[in-house]
Each structure stands twice: as C-alpha cells, then as structure tokens.
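Heads up, the next two complexes both have chain A, just with different partners, chain B and then chain C.
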Partner chain A sequence: MSERAVQDAIDGKTTTAGTPPVRRHGPLRLAFEAFVVRREATIFIVAVALLLYFWSNNSDFLARNNLVNLSQQTAPYAIIAAGMVLLLVSGEIDLSVGAVFALSPFLMHYMIDYYGTYPIVAIIGSILAGAVIGLVNGFVVVVLKVPSFVATLGMLFLILGIMLTTSHAYPAQIPEAAHGVRGWFGQSDWSELIWCLIIVAYFHVVLTRSRWGLYTIATGGNPLGASEAGIRTGRIKFGNFMVTSALGAFAGILEAFRVDSIDPTSAGADGASPMFTAVSAAVIGGTALAGGSGTVVGALLGALVLAELRNGFNLIGINANPFNIILGAAIILSMVLNVYLTRLRRAGRR
Partner chain B sequence: MKKIDPQVEEAVETLSLNGLARRRLLSGAGMLSASAAAAALLSACSADNKSDSNKSGNGVGDFPETPKWKFVFVNHVTTNPFFTPTQYGAADACALLAASYQWTGSKDSSVPEMVSAMSSAVSAKADGIAIAVVDKNAFTSPVDKALNAGIPTISYNADGAKGDPGTSRLCYVGQDLYQSGVELGRRIASLMPSGGDAVGFIATPGALNIQPRIDGATDAIKASGKSINFKSVASGAELPQELSTIDAYVSGHKDLKGLFAVDAGSTESVGKVVKKYGLKKKGVVAGGFDLNPNTLTAIKAGDLDFTIDQQPYLQGFLSVLYLWLYKLSGGLVIPSVTDTGLLFVTKDNVDPYLQTKTRFEGSSTKQQLVKRSGPIAHA
Partner chain C sequence: MSGITGPTPTPALSVEHMAKGFGAVTALRDVNLHLDKGEVLALVGDNGAGKSTLLKILCGFHRPDAGRILLSGEEVTLKSVDHARSLGIDAVYQDLALVNELTVYHNMFLNREMIRPTRLLHNRAMRKIAQEHLDQMGVNIPSVDVEVAKLSGGQRQAIAVARSVYSEARVLLLDEPLAAMGAKEGALILDLVNDLKARGEVSVIIIAHNYAQVFEVCDRINLLQHGEITFDKRTSETSVAELTDLVVEEYRRSRTQ
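Presenting the complex of A and B:
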C-alpha cells in the first residue's frame, strides 16, 4: 500500500508544470504494475498456468462438475489456512488443527443426538469448542512457555484420542435433525466455496487493514520490539490460536456435511493431513514459516494450486504410486517458478 | 402443404432446425436447405448400412472392437502392500481385454479424499468405477452420481456394514467380511476349548473393511458358549505402530491364551510377537488374516496357527472383467455379488505359498505358469 502511495506521489511530482514531459503509462500498464507489486501475483500466475495446462490436457477439467470438485478440494484447506496464516505471521504454529477438524463434527453429532440441541446451536457450539481448544493451546504456549510445535503436537494426540474414544472410532451418520441446514454447510455444490471466500476476505481485511493485523505482524516480526511498544503479544497469540482452531472446527463440519458422514478418519489416520495441507497452502502462498509476514489471499491461491495438482493429475489418470512422484515434482517446479517470478517482480519494481 | 415422404421427414428431423427453417425446407424453398436435406438423407442411409455390417472378431478374442475403456479403482489405502496383487489382477485383466485402469483414492483411509477421487473419476467420464466402501454413508451419493452419469459402479474389498451395503453399487467383489469374522470366531472357539483371555487386534476400528470381521468373531465366540473372554484392541494404521502396540499389550497381559488379528499388518505383528516371547511353548494360539510374506513364514515356523486368504488378486481381476462385460453388453450382463472366498492357510497347506513367488500373492512382478501336481485338497 505505502509503496504505491509513494509511487503515486513521485508520478504526481514528475507531471507538475515546468518539468519535461515523461511518457505516461496507459491504464493497462498501470493495472499490470499494480497487480505485479502484490505479493500474491506470482502464485496467481502459477495457479492460472496450472489451470491452463490441465485444461489443455483434459477439457473436463473446467467442466462444471469438476469445478465443484476443485472448489471442494480447495475450500476447507483455505479456511484453515486463513487462520493458520495469522498464527504463522504471529510467530507460532498449530499442529493440532487436523484433530480439531476430525473432532468437531462428532461434537455436533453428540450435541444434536444426545442432548437434542438445535443444529445451528450445535454447529456454533462445536466451533466454540474449537476456540476453547485454541485457548488451551494459547495458554500452554504463552503462559506455560512451551514451544508451540511441541504444545500443539501434544494437543493433536490428545484431541485425536478424545475423538476416537468417544466415537468408539466408528463412523456416525449426519443427524436427521441437521438435514435442514446441511445445504448451507457444505452439502450443496458451492456452499463450501462461498464460506471460504467470505472467511478469506474477512481475514484478509483483518490482516491488512485492522489493528489486530498490524499487531499480529509486529508480534511475529519483532516480538521484543512489539512488546516494548506496548503490544500485548500474548493476547495476540491467544487470539490467533483460537481463530485457527475455530476455523479448523468449522472446516471439519463443512467436510462432514459434504461427504455426508462423520468419519473418525476424516483427517487421515494420524489426524495431521488437513494441517499439512493448510500449512503448505499458507507457505506456498507466500507466508513466512518464521513469522512476520504473510497473506491470506495468497494462502487461498496456495490451496487452489494444491487442489489443482491433486485433482488435475487424478483426472489425467495417474496411478497412486507414481502420483506422489509427479505431485512432488510438480510442487517443486511450481515453487521454483514462483520464486523466479518473485525475483522478476522485485527486479522490475522501481 | 405438400405431401412429404416419411423418410425425408425423418432425415430432416436429424438436422434439428427451428420451426421456420423446417417449414421452408419442407416446402422446398432455398437451394441451401435442399442440399442440407440431401446430406442428412445420405448420412441416414449410410448409418443404416454401417449397423448392418457389424462383424465380430476385430477386438480381443472374438469380441468386436471396443474403445480402450478405462476403469477407476478408488481405494482407501492406495499404497498398502495388501493391494499389490489386486493391482496385478486389474492390470492382467486390462491386458487381456485391451482396457486400462487407474489406481487412486487415499493413502490413509481419509474418506473425504476418497470422495474427491470418486468425483474426479465421474468428471473424467471413467468407463467404470470400482470402490472400496469403507464408510456406509459417505459413498451413497457419489455412487448415485456415477450411476446417474451412466458409469457402471461396483464395490470391491469392502461393502458397507453388515446388512447395509451403503450404496446402490451393481455388485460387490470381495470377501463376505462379517462371515469371515464368524469363521474366525468359530476357529478361535475350537482352538481354545478350555476358554481364557483372548484378544483381537484391529488396525483401525470402524473402518468397514475390517470392523465387520471383529464383530463377526465376537458374535461367533458368544454363540459358541465357551468361556472365552474376547477383547478387541486398536493397533494402529502403520506396521511399526501395530508391532509396538501388540508387543506392549502382550507384555502387559501375561495370562493371554489367544492372540488374533483381523488385518494384514496386525496379523504379521502377532506372528512376530509370538516368536519374540516364545508364546507357543506356553500354549498360546494365534492367527489372523491375509498373506503378508512374514505372516506366511510365521505359519511355516508354527508361530501362527492359521491365516485367512481372501484372494486379493481376484478382487482386481474380476472387477475389471465385470465392468468390461457390462460395457460390452450394453448393461445386459449385470455383474453379480461375488464372494472371493475364505481359505484357512495352515502349516499343512502353506508350502505352495512360500515356495513360489507369484503375482497372485503380490510377491513377484513376473508373469509365469505355476505348475501343480497331485490331488487337490478337499473335505
């Protein structure tokens, strides 16, 4: 933002009376430059390039049905990544979010089927329970000073164990009572995507335009300086842990409604796969693992790139064993392209 | 209006013109429309000729020539060695029928991933889908969507819960899982005549490719009326984890009289643990499922009393065959539910499994003719 303001100021100066006329850039060129200075520009180009590649390979890639698949493979991870970006930017990580993802639909099921709660209340309750888990994570990290990697690793197993024990590790059906709302929460084709776009837009604004976002960046970028400047960094971290876990809980509920089953293995056997995908999406999208900088829209694009790779190679018909070779190579290749484009972007910026 | 030959009427129909153009065409206005009508007529006639000259013998065997149909297998543990022979079976059937297959799904039983893989297969207009139904709710609507899209869909290896297949699949190719558990339970009851503590290990409880077995075993042991205290214990999805869980359980329960398992990894681990602690000398009985190489050596060495073969090769081979025949016959040959069997492998009949390395067991990639001689064992 500020860079563009500076650029405008310079442009304004050069066109004042008395100075020699300079070549004015056309609106297209200006739009291009405004696009290129954004951090998300490179990953956007990678996403579009992949889209064109898979489309040219198999025209079904952009058929309506497959666009639904793509959106469903992107949305839950982009939702988790929205929170994860805030947390990573503030200098912490949450490994337990995959377990929360698996637990929350079970909590909803218990509340509705065993306590007769209204479905909407049960959904909100499960999300709040996710926030409470985030609160505990925050407490262990901030107050008890355990590194977040270890604290949330412990929480991962703890939550996974609670989920497996209470569910007897047996899949449950979506409660009858919740059938009325399931279209809103993942069952209908585009609902996951709509939730995802709302959440990403909201947290993008939070990170770039709000005080909370500014403090988050300061907390991760320079913890000591931030606390000396009067930012209560502990509170910022508490908040971001809670947001991440709550979003993980919500994504879990959306996925349960989508597959129409509450499954103890929905997060994979070790409860880590949604977390891995979300962290990968965040980092691919341009968030620094070490904290201090990141972008929520970038994470959405990162999740889209991962979904395109998975979906596209599946559509082309790659078998499971060589799939990982190609997926791995494609991720590295996309990221080399991303890094290279980033360098070009920096070099081109005056 | 002029009288129009029905043949012309029919040909014009194929042009799908709007009402006005159609009227003008039929009343003979315009050279262009007249030539279009002629072209449509010609193509209608030549289409007739083609359908008459349909001969056999251009495809594999004496079948007519077919497109290279592509069948998609959606699996819950795509990289698990149990399914190596299943993939060989599918590959061999595809080679026989000039078809192709794709092996996809989830590495670690993630149902959402399997549903996504299934949706991709429908988007990619697969010619047939075989799916392991390891969750009885999640695949109901994906299978319906595939069938609505005209894609024949069958289940293999796992087929929902007992009495509820969970999908409208055309058929199931695989072991009757609950029944196999019942047989396991009966075997346990007969091996432990004096009762005692027994444990059944299950890798991932709730996964419907193995859970019905432990249910069946529990029910059969109850029905036997013996004083066997049978407990089921989760051992974990990965082999190293299974081994340490089972080892720990055995160390903590010294008076166990029977160790059983309902999945390949746990069975192999039970064999190793029995050997490690010399439990055979204490009269412990042990057994389980599937033909991992280490399981077979443990049978030979006497550490395991039995293991149950469910013919994973056939699950791949027959699935492709059924889907192909369905496509070839235009849906007339409807595949039927096929139990791929339940064979107890014991010390007496384990030798052929150990002496030859074959594609049928997944222990070799080589195509070979396995010779056998002597009478075939029977009851």
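Presenting the complex of A and C:
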C-alpha cells in the first residue's frame, strides 16, 4: 500500500483521484501506516491526549467559555502559521510577521480615524499593506539574495520601529466607525475560529492540491532542480512571503478587535511573539525548517497543542513559568520525531 | 536499427566546426559530429576533453563562439535551456532535477501539470498517464505514488529519462547516466536506452567517462580529445581495447611534449 493511496483512503477522496485504492490490509494496519505516513496523525494524538488530560484534571477545560478561550488562543497563530508553513516549505522564513501583526491594527486605526476610510476598506488596506511588506521581504531575499533569516530580522525591527514611532507607543481605541464590523472580525466568540478554519482549509488545499503548492514543495525540496524544470522559484517565494505577511496583518486585526484595544505591545516588547508561536506551531505540526515538506493542518494542530498547554496549565493551577520548558521540550521532541519519521517513511514499505 | 557512419540524408542533430573558449582556455577547438535519427551515440573522452562544454552548448546553456547546430537539417540558434527544450532537445543532468519530496507522477509532470477546470491538480489523470507511460517504457517501479526519495539511483535516472521522453524530446542528452551506479542499476538504464533505440523516435547522446559501460547500447562511439572529435567508429567496428590504447597513447604523447 503506497503512501498516496493511504492518504487517499483517509481523505475519503473527495476532491481528486476517484479510483479508490485497493485495500489489501486490515483497518488496523491501515491505521498504523496512516500514523507513520500522515504527519498530522502524531500531533493529532498529542492534541487529543492533552485535551483528555486537562479535562480529567478540571472539567471546566471543556466548558463553553474555556472552549472559546482555547479557540482564541489557537486561531490567530494558526492563521499566521498557514502562511508560514508555505514559506517554510519553499525554504524561507519570515521573522517579521509578528511586527506586521502589531502594526496592522494601527494602520487600520490611522486610515479610519485620520483619513475617514470605510472600516472594511481600512481592514483590506491594512492586509494589503501587510502583503506589500511581504513583497519587500521577497525582494530583499530573492533579488538582493540576502538570507531570509537576516532580511526579515531587519524587517522586524523596521516595522516595529514604524509602529512605535507613529503610535508614540500609546495604545489606541478601536475606532467607533468600526464597531459595526467588529463582530465579524474577532470580537464575537467564534469569529476568530471560523476565519481560522476557512484560512487553514484554503491553504491546505493550496499546498496539497494546487500547482502553487506543488511548486512550493519543489522550490524548497530541490531549488536547482525546480528551476531546471522551468519553475520560477523566485516568484513562488515572493508569493509566499506576501501571503505570510498578509495573514499576519489579518491576525493582528482580529486580535485587536478581540481584546477591544489596539496595543503597541500586542506582539510582545520585541515584536516577535506571534511569529515564534506560529513557527513553533508549524514545526510541532511536522513542517521541516529546511524546506520541502510541511502541512497546514498539522500547524493548526500544533497551534492547538500550544494553546492547550498554556490554557490547561493555567486552569489546573500550575505556574505559567514552566510553560516555556514544556514548549522548548515539545519543539525539540517534535523535530527529533520529524527526522525519525521521515527516515522511517523514506525507508518505505513497498 | 540505424547507426550508419557517415551522414544520412537528414541527421537528427549535427554540429559543424563548433568552437568555444572560456578566456584563455579553449574548451572546444573544432567539433564536427552528427547524430542520426534513432541512433545512440556515445561521446567519450578524458576529463577536460570538452564533453560537458559540448553538452551545455547543445542543451542551450552556453553559446558557442563559432560553428553551427543543425536540427533535422535546419540551422538553429539555441537561446536558452527552455528554448532548446521547446525544440525537442532535452538534457538529463546528473542531479536529475527530481524533487525527492514529490511523488513519481508529480515529478513526471513537473511544470507540465494537468489541471482541472477548478484549477486544482488533476492527480488522477496524471497518475494514470504516468503509470501507462512508465509501463510502456518498461520502467519498473513499485508505484507512481511513492516519493522519489524512496527510489534507487537507477530508478530515479529512469524516471528522469522517461520524463524527457514523455515531453517529446527528439534528442536526448544523457550526462554520465551510469556514474555512481551499481551494475544492476546500470543495467536498468542500459535496458531503457535499448528500448528507446528500438522505438526509433528518440536520438540519444550518452556522455560517458567510462566508455566500457556504454559499449552494450551505443551504435557509434565518438572520442573527444582536446576539443576535437578524433575518433568516430561504429561500435561493431571497434573495441574497448582499441579505445583504451588511443587514450593511453594520447596521454603518453602529452606527457613527453
């Protein structure tokens, strides 16, 4: 049974490949192979196990209010991670996305309060501004050939500085004019989750079923080979930088509406916190930092696991300080697992 | 089977008086060769004889300083690798340009994907055609669904060749296809080339360092020495020993000078 056939069997084959694979093994064998083959399977089991653990310690963990909390602690990072996975798969990284996350609600505020822009137009404008920042990242990396780690590190401080200078490091109110739309964009209980699910589903399809996704994998997996095959790898990277930055901008706006304030420290004092959470989610979810492979659904589950840990520790009354110990161990462990499982899969069961 | 020495009415590819230098170094002095339709030509020579330079000119990567390239009798100027490919000249490099993380069929269709009206990949169609095409070419792999990383070196080489053939290459340039390959895997490639020859649609130039290996498949052997073709014989009219002598003799002469 091949890897793809197993995947198809799991997907239930909705979108493509109508011919069902021949099932030669029993369901148990299939489940085992799926576990090894599907990157998402490992992290899914971890997410469920954590859920059961915290729930058994405190039944409030699955109470409606806490589920809302969990969804809100997951969604913004899963949204950023959706773009970050594509970018990582194509072999690059964006460290500046947290700063974009902090800047974009300010841009919305400036547009509405200083220029009288319609709220919806201001929101779209801020997301486009995010895309432009991604375009600049892409230019520095692809055209000027600066490694993305350095290029986007510089961009992080640049954007953070622009945000702090223009806002004088003071928080701002959500503009009155935007009160009409805030329910749609993060303020109501489930809106962040709904946006997150739509975005994750869309980029999952992009990565696994579209030409763009295929080229993204090829660009990260074998850059020289991909360009020998005629793929314009630079364009792929440009696009993924823009998507990541635009999603960072959108997540920043959602979070501003949710907390009902535009806060210059929303991304932490160093402007990096949402980025680190998103990269951690992607890596825990099975995305290789070296490029070539990754999954958007895995990143969503990775973000969920991080939210469960943060929220659950709080709920069962464990000090929040050890959280970073768990987080660090989880990242290292998942990378080790990632390497090991990749080797196992490559060894192949033909 | 073709493989006649001397120009046939229209060779698939011919090269006339080609020269190429890089600064002070003359890589190609005056190369004349022809490749008949359906023929397998081995281009052998020592390191630095100009084999890779010639390959890179023929696949559109380098431009020659002088000389002409004729494709089916018509003179062509190869502007780029893409341009050469669009004319039906395709090279399979040693790195094979395969993406390990993608399945066999996605690699077969890389940059030529089939797309549904919904703009999503038409995986079913690509999988089916890839399977048919590989079966037809006699390439034996576990499944077109496996990641290329799982395949052996010989199988990977076969996929790369099959991809070029599928893209309707008329002239195929194989760069050291047997390098770093075991006897069993090498046999796989030689079988594949033999099949191509039997079908007669593709003409092949195999660039080889170790000419003994290619004796089984090629119709004709050209020896490139110091930027010139110094030897052109049908495989049946020469032997490994003769070629070895030529190369060794040349080596002695260059040392005494």
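Note that in this section the second predicted complex is superposed on the first by the 283 of 350 C-alpha atoms of A that agree within 3 Å, B and C clash if a C-alpha of one lies under 4 Å from a C-alpha of the other, contacts with A are read in each partner's own complex, and residues count from 1 in each chain.
Operating definition for what follows: contacts are C-beta pairs under 8 Å (C-beta built on N, C-alpha and C of every residue); 3 or more make two chains touch, one makes a residue touch a chain.
Just so you know, these numbers come straight off a predicted model, no measurement behind them.
Engineer: Applying the document's definition of touching, compare chain B and chain C: which contacts more of chain A?
Structural biologist: Result: the larger residue contact count on chain A belongs to B.
Engineer: In the superposed arrangement, does A:Asp60 touch chain B (first), chain C (second), both or neither?
Structural biologist: A:Asp60: touches chain B, not chain C.
Engineer: With both complexes overlaid on chain A, does A:Thr165 touch chain B (first), chain C (second), both or neither?
Structural biologist: A:Thr165 sits against neither chain B nor chain C.
Engineer: Quick one: is A:Ile174 in contact with chain B, with chain C, with both, or with neither? Answer first, second, both or neither.
Structural biologist: First partner only, chain B.
Engineer: Looking at A:Ala269, would you say it contacts chain B, chain C, both, or neither? Reply first, second, both or neither.
Structural biologist: A:Ala269: touches chain B, not chain C.
Engineer: Sort out for me which residues of chain A touch chain B in the complex.
Structural biologist: Residues 58, 60, 63, 65-66, 68-69, 72-73, 76, 164, 167-171, 173-174, 255, 258-261, 263-270, 273, 310-311, 314-315, 317-321, 323 of chain A touch chain B in their complex.
Engineer: Which residues of chain C touch chain A once you look at their complex with the stated criterion?
Structural biologist: Those in contact with chain A are residues 81-82, 85, 93, 95-103, 106, 110-111, 113, 115-116, 119-124, 127, 142-143, 145-147, 149-150.
Engineer: Mind pulling up the chain B residues that touch chain A in the complex?
Structural biologist: Of all residues in chain B, those touching chain A are 70, 72, 75, 78-79, 100, 102-113, 115-117, 119-125, 135-138, 140-141, 204-208, 211, 234, 236-238.
Engineer: So in the complex, which bits of chain A are touching chain C?
Structural biologist: Against chain C, chain A makes touches at 2-5, 15-19, 205, 209-211, 214, 217-218, 220-222, 224-226, 228-231, 292-293, 345-348, 350.
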